[in-house]
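Chain naming follows the written order as A, B, C and D, and within any one chain the residues start at number 1.
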Amino acid sequence: MKVSIIGTTGYGGVELLRILHQHPTFKIQSIHSTKDEIPIWEEYPHLYRLFDKKLEPIDAEQIANQSDIVFLATPSGISGQLASEFVNKNIKVIDLSGDLRLPAKDYETWYKQEPVHESLKSQAAYGLPEWNRETIKNSNLIANPGCFPTASLLSLAPVVMSDLIDPASIIIDAKSGVSGAGKSLSRNTSLSEANENFKVYKVNEHQHTPEIEQQLLQWNSDVQPVTFTTHLLPITRGIMTTTYVRLKEEHSTSQLLELYREIYHQQPFIRIRPENTFPSIKEVAGSNYCDIGLHADSRTGRLTIISVIDNLMKGAAGQAVQNANIMSGLEETTGLDFVPMFP
Amino acid sequence: MKVSIIGTTGYGGVELLRILHQHPTFKIQSIHSTKDEIPIWEEYPHLYRLFDKKLEPIDAEQIANQSDIVFLATPSGISGQLASEFVNKNIKVIDLSGDLRLPAKDYETWYKQEPVHESLKSQAAYGLPEWNRETIKNSNLIANPGCFPTASLLSLAPVVMSDLIDPASIIIDAKSGVSGAGKSLSRNTSLSEANENFKVYKVNEHQHTPEIEQQLLQWNSDVQPVTFTTHLLPITRGIMTTTYVRLKEEHSTSQLLELYREIYHQQPFIRIRPENTFPSIKEVAGSNYCDIGLHADSRTGRLTIISVIDNLMKGAAGQAVQNANIMSGLEETTGLDFVPMFP
Amino acid sequence: MKVSIIGTTGYGGVELLRILHQHPTFKIQSIHSTKDEIPIWEEYPHLYRLFDKKLEPIDAEQIANQSDIVFLATPSGISGQLASEFVNKNIKVIDLSGDLRLPAKDYETWYKQEPVHESLKSQAAYGLPEWNRETIKNSNLIANPGCFPTASLLSLAPVVMSDLIDPASIIIDAKSGVSGAGKSLSRNTSLSEANENFKVYKVNEHQHTPEIEQQLLQWNSDVQPVTFTTHLLPITRGIMTTTYVRLKEEHSTSQLLELYREIYHQQPFIRIRPENTFPSIKEVAGSNYCDIGLHADSRTGRLTIISVIDNLMKGAAGQAVQNANIMSGLEETTGLDFVPMFP
Amino acid sequence: MKVSIIGTTGYGGVELLRILHQHPTFKIQSIHSTKDEIPIWEEYPHLYRLFDKKLEPIDAEQIANQSDIVFLATPSGISGQLASEFVNKNIKVIDLSGDLRLPAKDYETWYKQEPVHESLKSQAAYGLPEWNRETIKNSNLIANPGCFPTASLLSLAPVVMSDLIDPASIIIDAKSGVSGAGKSLSRNTSLSEANENFKVYKVNEHQHTPEIEQQLLQWNSDVQPVTFTTHLLPITRGIMTTTYVRLKEEHSTSQLLELYREIYHQQPFIRIRPENTFPSIKEVAGSNYCDIGLHADSRTGRLTIISVIDNLMKGAAGQAVQNANIMSGLEETTGLDFVPMFP
């Protein structure tokens, strides 16, 4: 099966290359970018002698003619337009941007950009395989979830769906490595100012907020607006969400872990940690895992849920390939059996 | 004025040396440790030619004879015993450990150690100068606050005292650099396993929890148990607390900032940040500042409060010297005018 | 083919697990350690649900009965003894320690330990496949090269063998991440003291010095003692060697690059970088590559050679598997096609 | 004494603020930049409430009228022009750029920019106080040394002046934190690509090379071109140079240390480390020290010299203030008694 990547020179694109290079079924047909037509290794020397393909311009017609699947690792605001062209040509599309995830109104409010046409949006399946596998299987257009929503939603799904929590009590304290900001340069992500530092950003205004709420509401219509805060870790890869909810009734940690284990039993990329242990970011780095630990506190009646992902893998490129596998009728884990790189 | 340091070879002790070396009034009389009697620079080569003092054994009698003030940078479980000896000799004591901060019952529960005698505990003033200055001034024994309580309490005081928040809604998500764990070695704080990592630890069981609650209750007796989570940042110095509370009534961010500015107006080490800006850890590194920013969210009715400190300064040695200044009738900022080291 | 790992809980051992988990031919039969018989994921939670094998005690008899190949990821001083037992039982052994790399006298001088018996040492092939492939193929016992010698020797081989340099002029300035020190804890490798730091250690006394000299002398008997310095980088993985030699006659950078490209043309894991570009550590992280760049300076008549490896891969576990592939008649790259993890 | 800073928003400029804020004699009169006229804390929030001064445009006339000393923390190519204006007005000038350090021809070759007029260059004293104190004292114009030359020259001076080494054997392997590249953004210094990385740059072509050679030649006219390599450490502050020279005759490490101690005995900012110990970067961070350790190797006849500085302090702003003190007849250490910040 032939795949093409558009937006190859961003961190999401180059992570797709790392994954697809070892994929047994998908073959990289072409890589595209608005950059000069140079070999990708001139931009990313770690690929020297591994990929000799040159970056090509984005000619949708030609890409469609030669590809079965197109990955859009392009920024929000650009992906939507491209997606439309490929969908019309019956090419499978997986869009890693935020363009296809929200209703027009929410998109305008939070992204402060022009939304895509509703007719396109309506064709897009939300690509969270653990909860939407069947829809993904039958769709040609995937809105690959945001990194924070992936970690947050997988954390919250069991208790939200089971109606175990006060639906007005959800607080998500999220921490991300700087690669989440992409390859664009800023003082915030320069080593001089980011190392030995830790910053909060987008307090109560991160554009992933409505994406989280929208999905939670599908699971439980009582859910109220969530408090969502994002922080910048002085690391490259990885996200941790620490989520706080109030339990409606008292449940022990072990009861809740049992619930999570049951619900996620069949999910190859979800690992529910044993009681009294919690996952750390490096324990999933380079892999497609989402690891979850939790603790219910009888003093306060609150449940604390910890989840970690590699933002470039389960939070972007890894989940994109997982969706591509599903759309293509392959085993979901194909080409994704990366062992976390530790230490 | 002559000061002695006990427990000099820990990170708190060596930070006291950094501060006191430049202090115009306090002179370091002697430094003590259970280590070999070696020059301190053999243990800490950055002090080569700066301090030629040797580490001395801990002989309370002799220390008392030659010192006006004693800093106890010793671990919990040891400080209490030492404090008692000096207090009986009428020497001013500042204890950086947790031994004198809690009632016996709470201490046993959370520290899992034998508490000090109540008669000693009752003499100790809680050394949070911004809220307890008068008591500190008249005390000979200071329980220097924990690093997390310092950041948490300074964050919460204005809204808790003003009764603006739901007293059952307090959640503190805290992140600390690894120096908070002291000089003791562990895989958790080894660079191989801590760099490019981020971990949660002591979920709902950190021993600073009752210290925070005890002080909050003094300010507002309605306060309910708080949810308190601690995380390990891959940095050496610094703490951020992200605190979530539900506002009883709607208040704008600017109204609340105004309240904070009024309340902290006279406090030399508290900096309330302008609206729409938030402090980051590196902006206080090496200094005694506690910087605070906040945002009230009308969508959720919650207030998010960010505060940062250098855990070795305002969270330990810096606050200890601030207390020593107050006890000694000096200007509170004496010897503490460190500009944060940035970048 | 069944393989066993002894010394599984060190960083070399756990990296072998990462590689062998994806190896199409080698199957991990058992993992061994002097630690408690716990599942490996209790020691390394990143392996949770990936490896359910328990650590077993080191029973050489039993291991020999069930394994075709044994990897010794045990420390110097222990490996030698174990190797002997397996070799006598005709099991293929790859020893990652320094025990089998040096003549007894050099071993005693530099390692300050009892050397293995000469009869065992004489059976060991030096496992640098690029230069010793045929011997490795026909050997049952491999002395897997040290991390620094791997980077240094691959850097120097072309010019030393071609007799292009002053044989008394070799200076190797080496820099390593802290994982090279293994999992043992020290202040030097604690994040508090290693981050934002850079240290030199073992100036002119690193035990890898004679290993480097011994091999250079086999290539060119005129080689004089080398100056070799090791530094500690505040990173987990990776080594860079910056090597300085005086050219006998003037050669341009492009001539020398041509020589390197010719000599290494067939080597799957050596990448000679284009003129005016130099490799960096992260460009090989997680992979088995050794990347080399160089520059000849007409002002000084010296050649500067830069090489980088991942010390846990090409410097340890990766090279060990490369050797195991060769010994087993497999394609040398089998199970080693890791794309460097960047960023 | 009134001082003004031009180029305040770079890292050198902001470090001058950190130092001068605590300086007992120099008062900051005004701060200048080509940026908007905003308070400096809007650009550097760590200065909030510490400095309320606004950035002002660069009006040389006005600055000259109100200042006794001007610090030029402006980039090479700009400083020269500015220096000229102030020198003509008899204002003391300390230029942190490379504009006044080299003869026109060398400047053009290595900086690839238009040099300043020779009449200006000839008035500039090279501001390495340990070796040029008298000239500095009587000069109104200081060419503050580069960061790498400072560390390199202080390392080499004793053996070069004493003619103990082969003058054709000098190799300097230098490593710098990313703040050396200033505040300008690049992928090389972004945390995503610099953390867990280590890079070499400007191999045999760094513009500090002729600055080093020029001074060495003044000390010993036999010195031949040096090999000089610069690497990028994943840290913010600090430089280490590892320097290799061949000894003309055998000398023990202790003999050479004795020589260094004698020569630098009176220098307040040079610390020669005891035998068998070597300085690390963090041991001088935030201070104006240059720490030196060395080892003579009888096997190879070479001497290895390690020196470390904080590139923003002794390598830039600290040395600039040291020079200003000397020019102003103050004690050289005035306002520079910073204890290194460790850990």
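Keep this in mind: a contact is a pair of C-beta atoms (placed from the backbone, for glycine too) under 8 Å apart; a residue touches a chain by one contact, two chains touch by 3 or more.
Just so it is clear, the model here is predicted, and its values are computed rather than measured.
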Selected pair, greater C-beta contact count between C-D and B-D: C-D
Farthest-lying chain, centroid of Cα atoms versus that of chain A: D
Separation of chain C from chain D, taking each centre as the mean of its C-alpha atoms, in whole Å: 38
Euclidean distance of C-alpha centroids - chain A vs chain D, Å: 46
Centroid distance [mean C-alpha coordinates] between chain D and chain B, Å: 36
Residues within chain D bordering two or more other chains: 11, 177, 179, 192, 195-196, 234-237, 280, 282, 342-343
Chain B residues within the chain A interface of the complex: 171, 173, 175, 177, 192-193, 195-201, 203-204, 224-227, 229, 231, 233-238, 240, 242, 244, 278, 280-282, 285, 293, 295, 297, 299-300, 302, 304, 306, 342-343
Contact footprint of chain C on chain A as seen in their complex: 11, 14, 17-18, 21-22, 44-50, 179, 195-196, 236-237, 271, 273, 277, 279-280, 282-284, 286-287, 291, 337, 339-343
Chain B to chain C touching residues, read off their complex: 11, 177-179, 183, 185-187, 189-192, 194-196, 234-236
